[in-house]
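We call the chains A, B and C, going by the order they appear; numbering starts again at 1 in every chain.
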Amino acid sequence: MVYTLAQIAARLGGRVLGDAGVEIAQVATLEQADSGKISFLANSKYRGKLALTGAGAVILSDADADATDLPRIVSSNPYAYFAKVSALLNPYSAVPCGVHPAAIVGKGAKIDPSASIAAMATIGEGVEIGARSVIGEGCFIGDNVRIGVNVRLYPRVVVYHDCVLGDNLIAHSGAVIGADGFGFAMEEGCWIKIPQIGRVVIGKDVEIGANTTIDRGALDDTVIEEGVKLDNQIQIAHNVRIGAHTAIAGCVGIAGSTTIGKRCQIGGSAGILGHLQIADDVVIASFTLIGKSIHEAGSYAAIFPFGKTEDWRKNAVHLRHLDEMNRRIKRLEQSKQES
Amino acid sequence: MVYTLAQIAARLGGRVLGDAGVEIAQVATLEQADSGKISFLANSKYRGKLALTGAGAVILSDADADATDLPRIVSSNPYAYFAKVSALLNPYSAVPCGVHPAAIVGKGAKIDPSASIAAMATIGEGVEIGARSVIGEGCFIGDNVRIGVNVRLYPRVVVYHDCVLGDNLIAHSGAVIGADGFGFAMEEGCWIKIPQIGRVVIGKDVEIGANTTIDRGALDDTVIEEGVKLDNQIQIAHNVRIGAHTAIAGCVGIAGSTTIGKRCQIGGSAGILGHLQIADDVVIASFTLIGKSIHEAGSYAAIFPFGKTEDWRKNAVHLRHLDEMNRRIKRLEQSKQES
Amino acid sequence: MVYTLAQIAARLGGRVLGDAGVEIAQVATLEQADSGKISFLANSKYRGKLALTGAGAVILSDADADATDLPRIVSSNPYAYFAKVSALLNPYSAVPCGVHPAAIVGKGAKIDPSASIAAMATIGEGVEIGARSVIGEGCFIGDNVRIGVNVRLYPRVVVYHDCVLGDNLIAHSGAVIGADGFGFAMEEGCWIKIPQIGRVVIGKDVEIGANTTIDRGALDDTVIEEGVKLDNQIQIAHNVRIGAHTAIAGCVGIAGSTTIGKRCQIGGSAGILGHLQIADDVVIASFTLIGKSIHEAGSYAAIFPFGKTEDWRKNAVHLRHLDEMNRRIKRLEQSKQES
């Protein structure tokens, strides 16, 4: 697929400067781009790269509009513009409509004729699958699951019974949606399983990374609101609610019944304990454990700074004596006052 | 399925107060319950909720027996009682016995006629599967695996050859049991693989969460004792032994050859280094790395307290100077003594 | 399979002492070995175990050559030698060549006749698979993937389109190679997906653990160089490069565009932030977050030392006041100087 700058701008907006007839077939970084490719500059700090790029065209902010003579599109948000150009140039490869003969579909399933069910997929009874949705190879969809339109499940996604997947969901391979939450009652030294009878309900425009797990609710539902983006290997426990447009990086664990606000950003390998409330617009650093509710937007962290092992060892040993250290300082202060 | 309070108590014990003929179809929280539902109060602290609930009946401790006029069952352990009521009201949906025509079964496999092998499952040679066990869609069971009675493997569980799964095991989708442990010898700058010839041996009444991995032993076996409960995305390395009735929350990693005692509780995203011994009845906090053996029951932690990023930064910088700080205090103490 | 010590030494080198005709059928630890088994002593510290072992033979270093009268093989690297003996005694079980009738192969795929494609596997269009490679049950191989010779994919591995897998790769069940990286542009409060058009390119002699995920590059490729060993449940983000012969333990997360040097060793549950450079021969402790580039070989750590929860609590509270503590010490020092 090839578009001229003029054709791109006609579809996506933006102002073309220079030769609007330049043909663009692909996107690339400024470093790697050659003449058939378009690149972008999102941060004026890297302006120097424009002089060296082999790109056929670039996407720039208003502030950088004159920083090059290359054919260019000026946009108020070059990075988002670039994302849209890339989507235009890299559409999903066409998938045949209908149910592959090596797929299995349960009784009463309602599958839109424009949907695609790949080989080795198994679709439970009473499942509903909307228009243009693609269920990849070897996916398992439990009974009575409802799947919206334009959903894309990559191969080997598992969705347990009764869950609800909103429109435009993308879920990557190995994601497990709706497994039992971790709920047990202790009786005489043994754990008794508490049936997990809630569902997972996912809003529209969500993306779920590879091998991420979202447990079904114990009694009520686990809820992922619209526009949430989850990276790989995230664990979301039962009855969690994640607010709209929140983005969570890889390997994060969120314990049961915690509610996370809208537009939060959570760094990789962070954790949030259970039964907490996290406000809207909270940013949590990587590797940070949140052990109490956060009621105020802002940025939070708890990272132990790394060092050479010998330095770390020398310093870390005192962490077991901080209270004593504090008392020693207090004694010195008192003796100073007394003197 | 509907039961009266009297019928429930006849099966599960407990003392009925109020109308024993009330019909109950489902369980729910005090907040969400309506007249056909039964709820529970496990903690007297929340007694106030009883006045507001719409539940048709509740489960209470002796201490709270008179805290409401609602039809009720009094039990010494309301939460465990509730778990059993829920299991009664929410049985597994019936699964057809036998081998689905789209499953593949290897030579010499012995599958109990009451067991169920779902579509797309592949069962290796010489596998034994006990009565009423369910092997879900797309599971892979390696050669010579032995599976007890009443086991439930959800779709896409993988069990490598020769492993042993005890009675009543529940394993959720994406769990991988018996993959090779991480064992290599270094020779001239390259890693040489050490064949992993042990097995994974799992006792009865175990539950394994979605996408959890349990590696086979290098030479001897990896062992999960009876009653152990493992949440999602846990990694258990080769030759680990986990004691009976221990519960481990999500995202925990346990390194090779470590032995964990009975009735331990390990918080989410914690870690335990290799070749350690952890005593019985040890509780480990979330996000805590255990780097030495623990010989005494009790509660252990190592969490860096989170704060606003600007506060964290201001404080954390001193972690690289704790040893110096200690020396400065010592100097002050010495000069005080001298003065 | 049984080998005499003489036959083993003829294949693998080393010096035989004692009865070279002893027959060996398996490897075992010194503690568990009986007469048909060979064990090893890698560390002279454990020499005392030699007197107690029931092993038929042992592998020893030159320094320990005379520490026992048992039939033995002397090697400069007993652990590596043991790995090779074990590989000799424990070859992969034979796998039938060819495509299982319950596998599906796309148009234009080129599969070497000595390769094996198991049941329920789906192979995309234009895929190339080299000699003696084994694609396990239920694997998914996307369009145009290139797989070298002697590769072994265990059941349920997913490889997205266009990725390249080098010779001798071992990938365990649940591994996902080539899923989309986590790339979004923010526009007016919503995340816009950035198509991930790079690949994953994996060198020869790599091993990938169960449920590990390696994302495809955003524009350029994600690269795993030769000889890299990855444990289970590792997350490698888009455009990461991992240098040759680096070994990474379980549950590690590596954020986007980071480059890791050759021969590094990274402990379990560690993390490395994005856009960093890690030098060759760096050792990173378990549970350590690396937040800045490391330009010098050596060992690095950032572990919070664990303790009894009551001790931890008493000490940890002061972490929020380290800056104040530092100021208090400074004031004491100043007042001392003034006095």
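Note that a residue touches a chain if its C-beta (ideal position, glycine included) is under 8 Å from a C-beta of that chain, and two chains touch if they have at least 3 such contacts.
Computed from a predicted model, the values in this text were never measured in an experiment.
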item: Pairwise touch network: line, ring, star, complete, or other; value: complete
item: Same or different contact residues where subunit C meets its copy subunit A, judged by the half mark; value: different
item: When subunit B is superposed on subunit C by its C-alpha atoms, the rotation angle in degrees, nearest 5; value: 120
item: Subunit A and subunit C, separation of their C-alpha mean positions in angstrom; value: 26
item: Of all residues in subunit A, the ones touching two or more other chains; value: 120, 138, 156, 174, 211, 233, 251, 269, 303-305, 307, 316-317, 319, 321, 325, 329, 332
item: Subunit B-touching residues of subunit A, taken from the complex the two chains share; value: 104, 120, 122, 138, 140, 143, 156, 158, 160-161, 174, 176, 179-180, 182, 184-187, 189-195, 197, 211, 213, 215, 219-220, 233, 235, 237, 251, 253, 255, 269, 271, 273, 283, 285, 288-291, 298-305, 307, 311, 314-319, 321, 325, 328-329, 332, 335
item: Footprint of subunit C on subunit A - complex, ascending; value: 26-29, 32, 77, 79-80, 82-84, 86-87, 90, 93, 102, 118-120, 136-138, 154-156, 170, 172-174, 205, 207, 209-211, 227, 229, 231-233, 245, 247, 249-251, 263, 268-269, 286-287, 303-310, 312-313, 316-317, 319-323, 325-326, 329, 332-333, 336, 339
